[in-house]
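Following: one structure in structure tokens, then a few remarks.
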Amino acid sequence: MSDTRSNDIPAIELRGLCKRYGSGDTAVDALKGVDMRIAPGEVVGLVGPSGSGKSTLLKSLGAVIDPTAGQMFLGGEAIFDGVWKVNDLRTLRRDRIGFVFQAPYLIPFLDVTDNVALLPMLAGKSNREARRRALELLEALDMGHRAKANPSQLSGGEQQRVSIARALANNPPIILADEPTAPLDSERALGVMGILNAMAQQHQTAIIVVTHDEKIIPLFKRIYHIRDGKTYEESVG
Amino acid sequence: MISLAARDIAHSWSKYVFTGVGLGLLIGVTLSMAGIYRGMVDDAQVLLRNSHADVWVVQKDTQGPYAESSSLPDDIYRGVLGMPGVEQAANVTYFTMQVQHQGKDTRVMVVGFEPGQPGAPPSLVAGRHVTRSHYEAVADVKAGFKLGEKIRIRRNDYTIVGLSQRTVSTGGDPMVFIPLADAQAAQFQKDNDAIVSGRERTAANPAFNRPSVPGLLEAVQASQITSHNVNAVLVRVRPGWDAAQVAADIQRWKHLQAYTYANMEEIAVQKLIATSAKQIGLFLVILTLVSTAIVSFIIYTMTLGKIREIAVLKLIGTRNSTIAWMILQESIGLGLVGFIIGKTVATLWAPVFPKYVLLLPLDAVLGLLVIVLVCTLASVMAIRAALKVDPAEAIGG
Amino acid sequence: MKSPLLKKIILPLIVLVILGGFGWVVTQQGPMAPTQVTVAPVTRQAIAASVFGIGTVEARYSYRIGPTTAGRVKQVLVDVGDSVKAGQTLAIMEGVDLDARIQAAGLAAERATASIASATAQTKEAAARLSLAQREAQRQRELAAKALVSQSSSDTRQQDLAVTTAAVEASKAALEVANKEQQRLQAEQQVLRQQQANLVLTAPVAGMITTRDAEAGTTLVAGQPVLTLADPQSYWVKARIDQSQALGLQAGQAASITLRSAPQQALAGKLTRIEPVSDSITEERIVGIAFTPVPAALSSGELAEVTLQTGQKSDALVIPNAALQQHDGQTGVWKLNGDNTLQFTPVQTGIQSLDGQVEILGGLQADENIVVYTSKTLSATSKIKVV
């Protein structure tokens, strides 16, 4: 898949995305026309204070809430144009979007391998194939030695690495990372960011990192600031 | 695809085992309850089976000898024996009384029987059959007597020479088998004071105590204390004869009531224990409802405890059906753990019950099906809750 | 549960224990459990047949002593439990008017004696008159023959003679009547005296008073007893034996008697009488068993258990009677085959001993294994476990 990804076509593009909660007098406009364009392999930051519409944007990108207006393109394909253009948002999330959360949210009753292998399995891969893919990713993330461990036996950084492996499991073009470094000390936070950058490079995956972690903000080449439902782009260096 | 439910159960097995033990005890109670009902039915049937009779001849227009009292002259059997198709006919008496054993009252059914005839104790678990025609008894082990012990029935002591098992009345009282003649005497025997005062009462009656007729009083008194009645005549039918036909003939020509095994079973099972059966049936329904509620609650609580995981699963694209199936499987898994424990404890504690508890394998299978059904129903609420979980919840804020 | 050791060993162990326990419970307990049976071989041994009966201690000879006529008891001289000798006076009845009647009869007899005397005197007078008349008639006849007196005078004398002769006859007859009357009255007096004697009730034999049924002043009709006398030496047990067991009873057979008052003590006895008539209502034979010897202080009417030895075989096929079962309307035993399967075998039985052994006449061989005790009713397909 990575070979189809070209810098010419953005991995994800938003044009004038709006989201209004409620209606009439009580209506709240959380997003007021967000524009965004991220190339494959690019890691961008999304920074904004609480109540700026950051979460709403993330949920819209994650296809778990319906935007009210605007357009959303994934790899050049319009997936939202006032209405969803794909039949099955579940499959969309499974195959084309990876999630990394603030807390790792690993499934406690599955071991590390199966936590990662679950996505390919859900996508219809055989258990063997899914596990092989999971082990590959875990090896790449230096977690091969804990493949049989239970999530509860891992440290926070290790859990987050497993969760990154899980986000990568179906090789999605885009990964949404919601404050992935928040619970980590700066050394581990930097480590996680390093991994994300490496993975973005390696798999040509566009990664949006929602953060307000001062430690990692300098690492981004490009940052979207969000305020009052609008984004402002800032290029660094 | 891996089984999420199996992984979850394996992961939190202690929770499942402890919950399963609790549920299992409840299922054990339910199975025991069914067993008590089966036991009651079996108590009624075993009484009939042990009689080795095809036809019961009782007093006209009664449903004796178990459901109603019935009294027949003891020479009736000779006439019955002469009916075509009758192989054996034997007198039998039944009466219930309290006997003293080791300072405690035990309720027993005293059966008067003739050796080698229908109505005699079937098989023994210890000792021997009665060989003397008086003052020997075979008792059910449940009565608590040991071989060689004496049992006092009315005025006489009977030596326990044999022990039988599963010989009980329809009410589950253990039986004590004694020779017919003794039983006839005992059934109508009064205590000594009653006999003495009865004699005085008769003597005070000028109609019986006439000076000009010596011996009349003695004759009257003797006739008052002897009994030539029995409660039923048990009939075995010759091979090749239809019991119903023989019963109909006896009823028609002897002016007595005659019941076949099927009739007796109906009386003993349908009529005698109908109310108890309903009672237990209602209890079973309530227990089932309680079990359903408990399983529901447990599964619901467990599901609520997994809301975050379910949200993540949904976010990463797990099908709703997969999640529903997981919850259903967990529910049924809990039910199975409960069933295994329930069946085990029910079987283990069944012999401790004072009355017979019969755990039929068929009931266990039925119970299993009900449990699966109940667990399926119970998981509905949890599944609904799980399906309502918004995958957006996994994304903070 | 976080440790892999716990997860790898304890979890499967618990599952194994639970499943194992479940399996054991399902197969070994409850309705699917095998029926526990006890097995014994058919043995060859001696067997003694006995019969058992219940009876009461009775006096073989018992005397109910009472008046022959209605009367009032005047006096009872003995009490229950007293030993009496033959001929001893036991009680006296009141004679009512007997004495007066005896006196009247005596007076009547005296009057009859006086009548006899009077009749005798008349007879004598008549004889004297006859003698005179004969002499007169003789003389007249002689005179008439000599024609000294008229024929008619002679005839008159002849007639006087005939009359006098008749008068003699009549007086003789009157004497006879008077004699008979005297005899009758004497006899009557005798009867009354006998009746008076009957009022004294005496013991016909030596024995013991067992009941005292009437007290002084009681009026009794003929046949009602005042006392009952029994001979303690004639005490025996009148026992009833079920007809089905009565086979083989013979007079002279040894018996063992247990009295209700002394259940631990067996008394020796002997079958002395088998009554030819059975009680058809109770279907029992009635037998008499004498004590050998008669124990002291027996109580009439006491319940006694009697065991009689009716026969024995020194070498018979014997099984415990608990092994006999009813199956499909037949009496038989469950035979245990070599391969642990059950087979119902009908048998013919012979004598039964009181200790629960039964002689087998047919259907079984020595040393075959049979089921004696079983926890459940068996069938040919029963799963069994020999214990």
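Things to note:
Letters are used for the chains, namely A, B and C, taken in the order the chains are written, and counting of residues starts over at 1 for each.
The criterion applied here is as follows: contacts are C-beta pairs under 8 Å (C-beta built on N, C-alpha and C of every residue); 3 or more make two chains touch, one makes a residue touch a chain.
This one's a predicted model, so the numbers in the text were calculated from it and none came from an experiment.
If you tally contacting C-beta pairs for each pair of chains, B-C comes out on top.
When every chain is represented by the mean of its C-alpha atoms, the one lying closest to the mean of all protein C-alpha atoms is B. Remark: chain B and chain C have CA centroids separated by 50 Å (rounded to whole angstrom).
One finds 117 Å separating the Cα centroids of chain A and chain C.
Our note on geometry: chain A versus chain B, Cα centroid distance of 68 Å, whole angstroms. Within chain B, the positions touching two or more other chains are listed as 10-12. Those residues of chain A in touch with two or more other chains are numbered 150. Counting only residues that touch two or more partner chains, chain C has none.
Across the complex, chain C meets chain B through its residues 1, 11, 14, 18-19, 21-22, 25-26, 29-32, 52-54, 219, 221, 223-224, 241-242, 244-245, 263, 281-282, 305, 307, 320-322, 324-326, 329, 331, 352-356, 372-378. Per the touch definition, chain B reaches chain C in the complex via residues 10-14, 17, 49-50, 52, 75, 87, 115-116, 120, 122-129, 131-135, 157, 161-162, 165-166, 181, 211-212, 214, 228, 236, 239, 340-341, 343-344, 347-348, 350, 358-361, 364.
Here chain A touches chain B in the complex through residues 50, 54-55, 58-59, 62, 64-65, 90-91, 93-95, 99, 101-102, 105, 107-110, 114, 117-119, 121-123, 127, 150, 166, 176, 178-179, going by the rule given at the top. Taken in their complex, chain B has these residues touching chain A: 1-2, 4, 7-8, 10-12, 308-309, 312-319, 322, 390-392, 394-397.
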